[in-house]
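The structure follows.
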Amino acid sequence: MNGLAETVAHTLAPGLLYPTGGAILFALGLYGLIRRHHLVLRILALNIMGSGVFMVLLGVAARGEGAPDPVAQALTLTGIVVAVSATAFALALVVHLTRLTGHAVMLPGPPDDDAPVEDISREAHHADGGPAESSAGEDRSA
Amino acid sequence: MIPANAEWLPAGSAGLVALSLGVAVLATAWPRQAHRIGLLGALAVTAWVLGLSALFLHAGPDPNTAATRIALGGWEAPLGLMLQLDGLSMTLLVLTAVVALATSLYSLGYVHDRIERRQFWPLWLWLWAGLNMLFLSGDAFNLYITLEVVSLAAVALVAFTGTAAAVSGAVRYLLVNILGSLSFLMGVVLLFGEHGVLDLVLLEARTEAGPTERMAAVLMTAGLMLKAALFPLHVWLAPAHGSAPAPVSAVLSGLVVTGSFYLILRLWMGVFAPLTTPAFGILVGLLGVGALIWGSLQALRAGRLKSIVAYSTVAQFGYLLVAFPLMLVDPGAWRVVVFFAVVHALAKASVFLAAGTLQHAAGHDRLAELGAVLRARPRTVFALGLAGVSLMGLPFSGGFIAKYLLLEAGLGTVLAGSLIGVLWVLAIAGGGLLAAAYVLRMVASAFHRGRRDVGEAVSPWMDWVPLGLATVAALAGLAGTLTLNTLALTPGAP
Amino acid sequence: MDGGWLLLAILFSSLGPGIAIFFLPEHRQGLRTALNLGGAGTKLALVGVLLAGVLRGDEYRFSLPLMPGIDLVLAADALSLLFASLSAVLWFVTTVYAIGYLEGSPRRSRFFGFFSLCVSATVGIALSGNLITFLIFYEILTLATWPLVVHRGTPAALRAGRLYLGYTLTSGLVLFTAIVWLTLLAGAEGFTPGGYLEGLAETHAVTLQVLFVLLMVGFGVKAALVPLHSWLPIAMVAPAPVSALLHAVAVVKAGAFGIIRVVNDVYGAELAIELGLTAGLLVIAAVTIIYGSIQALRTDDLKQRLAFSTVSQVSYIILGVALAGPLGVIGGLVHLVHQGITKITLFFCAGNFAETLGIHRISELDGVGRRMPLTMLAFTAGALGMIGLPPLAGFVTKWHLGLGALEAGMPWILGVLVLSSLLNAAYFLPPVIRGWLGERREPWHEPLQGHAGPTRFETHWMLLFPVVFTAALGLLVGLFAGLGLSPLGWVSLIVQRDYSLPGFGL
Amino acid sequence: MSGVLLLAVPLVPLMLAVFIGLRPGRARLNRLVPWAALPGLALAALAPPGLEATFSSLLMGTHLAVDPTGRAFLGLTAGLWLAAGLFALSDRRDDPRRHRFYVFWLLALAGNLGLILAQDAIAFYLFFSLMSLSAYGLVIHSGKPEAWRAGRIYLILAVIGEVFLFAGLVLAAHAAGQSSLAAVAAARPEGWAQVLLVLGLGIKAGMLPLHFWLPLAHPAAPVPASAVLSGAMIKAGLLGWMRLLPIDAAGHAALGEALVLLGLAAAFLGVAVGVLQVRPKTILAYSSISQMGLMTTGIGLALLLPEARGWLLAAVTLYAVHHGLAKGALFLTAGMQRQWPVARPARAAFALFTLLPALALAGLPFTSGALAKNALKEPLAAEALSGWLAHTEWLLTLAAAGTTVLLLRFLWRWRADLETATDGLDRPRWWAWGGLSLMALLLPLATLLAGPTALPLSVHDLYGSSLLWPVMLGLGLALLAWRGVRDRETPRVPEGDLAVLAEAAWDSVRRTRRRLALPGPWPPRIPARMRALRLGARRRLEAAERMLTRWETIGLLFSAAMLGLYLTLLAG
């Protein structure tokens, strides 16, 4: 009885609670990332993982008595910034993809071998065509 | 007693970071002139790196005088951000400079549409800057940040063409990357929680084989394996390369992946060294063998030039994994591993550039229909072949020397009495054959009798740069001693 | 590295032109020819200088560190000069022949580029001073010959090339492993007459045996030892000059030379015998000799027959080396040269027949002697030389091999020689007889290729001169074998040095 | 100087051969062909005793010399070739392929002369093979099927002979430690070396049972060619024996006995088969076999009776010379069938020239045959031979009877299609022929006058009852046969008796070879089944890769990797 109470209390202590929670979030996020096909959901899942990581970090910051460790909190902030930018970028890509394909799902990889490939360097090769032409001429003669 | 010029090293490395970041920022701020800025910047950075390496070597031969640690903004560890320059990072910086310079020159010819230039150069310069920082940064969190910078830039470049395939590939790459980074970060956090420091050197001093370290090691390694496209977590590689512009693929396979592997290597040489167990080595080695076989088989299957090259990357990284157990037996072997990575990066970059030229000329890179162009472009095919020789590990190329050293290490373990060593030896020796098979697959149709068609005109840059880089890769064999000596200037490493 | 520059110069005298030719546009024919002949001539001259120097007793050595403790070493000893001068001379001839042969055909820049590369590799093999250097050039040779084998670009050629690469690369890997292993054991020693492994004899006997087997497998593929020979007859799809080069100078000889090096200068005859390695080699060589001859007897295709005869003849070299006694080794080494000269003559002739009259099979040779007397004369000289009739080169070999066999107390080898000579006669005399005494009813359907058109001679002079030259050479080296500078004289010199006892030539 | 003289003998014909080969159609060159043998003849006649020269740079050191035996053989060979050459010149006058014939002729001549001068194994082997191989060209010259057949068998046997000789020489030279013939003989080749040498040279010498190429080659070859083939070339084997076998003070009983046995067998079997033949030249060929048998016996005796070896060898040499000249003349006779003159004196000469060599072979007194036979039998009277060998002398005598019968048979068949010369007489032929025939009388004189020291013969050796009665016996037998046996147009024993068996073997070999013919040199394509398999593998690999690419798999693998790493880290 007493032991149980102690265990619970100890468990609820931030030093251990946050890490455990974080780990759970991380796992959940991973699961979501795998199971969900809609890309936005996947990005969300990644964010959940991220928050799991940060939760652990905060737990670390709050470790021990006294004021929480400023370094850890600084790190958390930086991390969040990075995560946000990454998310934004990802969402942008997804939007683009949705425009192209009509739904926010990845094409199956690997690229099948007879899919046509646009090559950005194809159009307007006259840009520096002068030498190119000459070299081509030489090639043709060869 | 520190030699006079050693004093310049801190300034030098800090300056390198500043310079490369500066160029990137400038190009971003002034996209109209991005390509000119990029070219000048590329030359400047390369020159800087070479100068730095000269200083560095001159500061040797004592690793501790050469290797340098710089506290940015005067904040010492554990609080401050540490840059550290040692043999390992120096080598990779030089490698980056060479490959990146070649890629930049190539891009001059490859990316010539005005709009695209504006988008391409800033991203590319950011990627390069990120890589420089990655190799220089000395603490775990910085590593995470730089990793992110690199991956985001890389993803953007992969998506560059804006086609469905490209974007989809980019998204896959991005998700994988973020997953990797997050699990890396989780590891970092655990370490920080355990020891309250992030600086690698300090961590190295403090870690011992505890459960937290183990958990951290697992998370970070797995994350990095994902980013380094190590078998069986390589699946994002081919799609990403499939549709990325040629220079981007070159950098992706040549440098970005190598960067992640560099991290794995550095971590396991330093921080996690106490954790290593024979079983671990064997597992990684087995993964390596798997990578060799699977990658090669896929390369033999794939029908598109760039996919073949991408899968060959997967296969070649198998060697690096196979080298792990060897390092457990003979710690000195890590230098061989790095040398191999360097040579591979050079060769692989030139192969991708050559492939890009062919793709440009033909308008596609389906091997089955590439014959006519291959026949008409002997120079490019020659570059392909020359780099291919290096990949096969045949003389007279850097690949041969690297292969030789690997094999030597492998046989060393066998003679030292490890049975599994035989497997490593077989893998190292046999990998070359598979490589030969898919390289042959790429160039063979150039020798068929048949129609010749130079296809689209290409700029002389795209014509000559691959050949040049391939030659460098082939002659890297001569730089073997130099590289190994440079690597020897890594304090703490065996 | 005193005098090392000379070795480098010899190497680059063909490498330089080769690389230059690669980037030469197809139509710059004059320049290409100039580069080719210039390179070949320079190499000849330089090798001559080297020869004189070595006769004077000068030391030539060049070394370049590759990896810690492992150098790229070029050195010139009598043995390497034997091979070097052979390839220099034959390269010159083959270049002339190839220029004539390929006149007006496409992709010549590529061809001559790899051609020169191939010869540079061969000379590198000849001059290499330790196993690793040897391996490096050996592999380069493999790569440089592949484009030549597939030059025709036909599916058949491509298949042949694939087979060739398959065999050679695999063997190369075996060799690679063996050499790394050996270097781990004994260090990166240079070739030393009498070998440098005695120290390991008692501690690592078994390892040394295993290594020897691996090395032999590695070299055996190129030397076309049964059962590793299958690529050779199939590589016949290559153009005639290439086959000539493959069979007479470059590839096959590289393998044989490797075996010589290993037996003489790495293991050393004494150790090899002590470990019972030569016995096995002898048996394999003997089997190869007979097998090759029988196969040659079974085919009617001229080039294929020549190919199988190569399979059989090259093993004479290995037989001699494996006999590991002065006379036997003399026989083996001298055959390195003799087989080269004779076989290259035969392939040139086959090429001439094919080019000029479109003859590929022996059954079509009837009466060709009246249309192309000089070529047929050369072919006869080559064939009789291969059978081993005096005064042609082949006889000198056979004589010494026979004596060597008896000297080594193995009369059964003599039996092998007898049988092989019978078979040689059985497959080399019919073409000769058909050529001279056969009657051709219908007129020759004249040149397939435009360039062998009506000329003052029976065919294009660039095709004729090499044939006559090598045939004469084959006669002279046999007829004047007694001279000090003849291959025999030179080889006796080598053997006297190696075996420190008078190599008495009978 | 002496070097030049000696080298000139084989080189002159070689050079001429080269010139004719390069510039066919030069009539002037052709006229020189017979005279290419002249240096040899001159050397035989005028060479100072002990003329020799060594060329250290040729081959592995070459040694040429003229020794007494060599001198005799040289004289015979050169003279015969000269005469036959003259004959050939007119015989081949309107042969479109005569240049080819002359080239082979000269090559064979060079070889034949050279091997007599050669004093070291390699040079001997060189000239020996030069002769044998070029003779092939003479045998098949006519280009008729039978010629090709004869040529094939000749060549096969010749090559086998070469190879045996090579092996024997190598063995002997190894035993001797050097390669000069004298040293080899002194080293007394034993065992294998001996067997190989006897066989290798025996093939050339028409020794039983390797004789069967003769009766095929002779009728097939043109007349002059068969003359030198039978007169000079087959003597090369004999000379080889005399030079290489252990014929020294110790003697060699076993070998000697074997040779005597083979020799006598050949002597009688040759006759027995010969009389059953129908073609004149075939009959002559068999007579050559039987005569060579006598000489083989002589060699055997020399091995058995070391004391008398000097005498016997000289006698064998004499016999060889006698037989060479007479047989040569007889073959030319066979070529004179269309020269039966009209004028009476000419007819007399014709008859004389025809009969003289025949009678000489039969051993009629006062002919060269008489001298040779007596010389051969001389020592037998003195030395007592044991066992059946005791009858050797008698058997040798009896053989003469056989010879008589055989030659009568020859003349009989030859006479059958004798034709009158329509367009005048062909003088060069007559000169050559007549010259050779008269040798049958001149030779004994020459021998008696300038008698070789080893062979002190006197006039008594020119006659004797032991010479006469066999001839009479022979005549009697022939008479009976002529009366009794009805002649047929087909031989009762196929020409080249054993050759039939040999050919059966050869044909089976050919058939098997045709059956075993290799496919062309084209690299094999990959069988369709393999290609299908490869495609299947491709598809399966692609499917697997797609499977790996699915996110479920990625996640699974990611987690698995983590787990695996963790476990291995624990395992340590």
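As written, the chains take the letters A, B, C and D, and residue 1 is the first residue of each chain.
Rule of thumb we're sticking to: contacts are C-beta pairs under 8 Å (C-beta built on N, C-alpha and C of every residue); 3 or more make two chains touch, one makes a residue touch a chain.
These numbers were taken from a predicted model, which means no experiment stands behind them.
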If you tally contacting C-beta pairs, which comes out ahead, A-D or B-C? Let me know.
-> B-C
When you take the mean of every protein CA atom shown, which chain's own CA mean is nearest to it?
-> C
Using mean C-alpha positions as chain centres, tell me how far chain B is from chain C in Å, no decimals.
-> 43
Chain-centre distance (mean CA atoms) for chain A and chain D, in whole Å, is 96
The distance between the C-alpha centres of chain C and chain D, rounded to whole Å, is 37
So, what's the distance in Å between the C-alpha centres of chain D and chain B?
-> 79
For chain C, residues that touch 2 or more chains besides their own | 109, 155
Could you check chain B for residues that touch two or more other chains and list them?
-> 179, 235, 238-239, 378
Listed in rising order, chain D residues that touch 2 or more other chains are 542, 545, 549, 554, 558
Contact residues on chain B for chain C in the complex?
-> 378-379, 382, 389, 392, 394-396, 400-401, 403-405, 407-408, 411-412, 415, 425, 429-430, 432-433, 436, 440, 444, 447-450, 477-478, 480-481, 484
Please name which positions on chain A make contact with chain B in the complex.
-> 19, 26, 30, 33, 39, 42-43, 46, 49-50, 52-53, 56-57, 59-60, 63, 69, 71-72, 75, 78-79, 82, 85-86, 89-90, 93-94, 96-97, 100-101, 106-107, 109-111, 113-125, 127-129, 131-133, 135-136, 139-140, 142
If you look only at chain C, which of its residues touch chain B in the complex?
-> 22-23, 64-68, 70, 109-110, 132, 135-137, 139-140, 142-143, 147, 150-155, 157-158, 161-162, 165, 169-170, 172-173, 176-177, 180-181, 183-184
Chain D residues touching chain B - in the complex, by the definition given at the top = 537-538, 541-542, 545, 548-549, 553-554, 557-558, 561-562, 564-572
Touching chain C in the complex: which residues of chain D?
-> 21-22, 55-62, 100, 122-123, 125-126, 129, 133, 136-137, 140, 143, 155, 159-160, 162-164, 166-167, 170-171, 173-174, 178-179, 192, 513, 516-518, 520-525
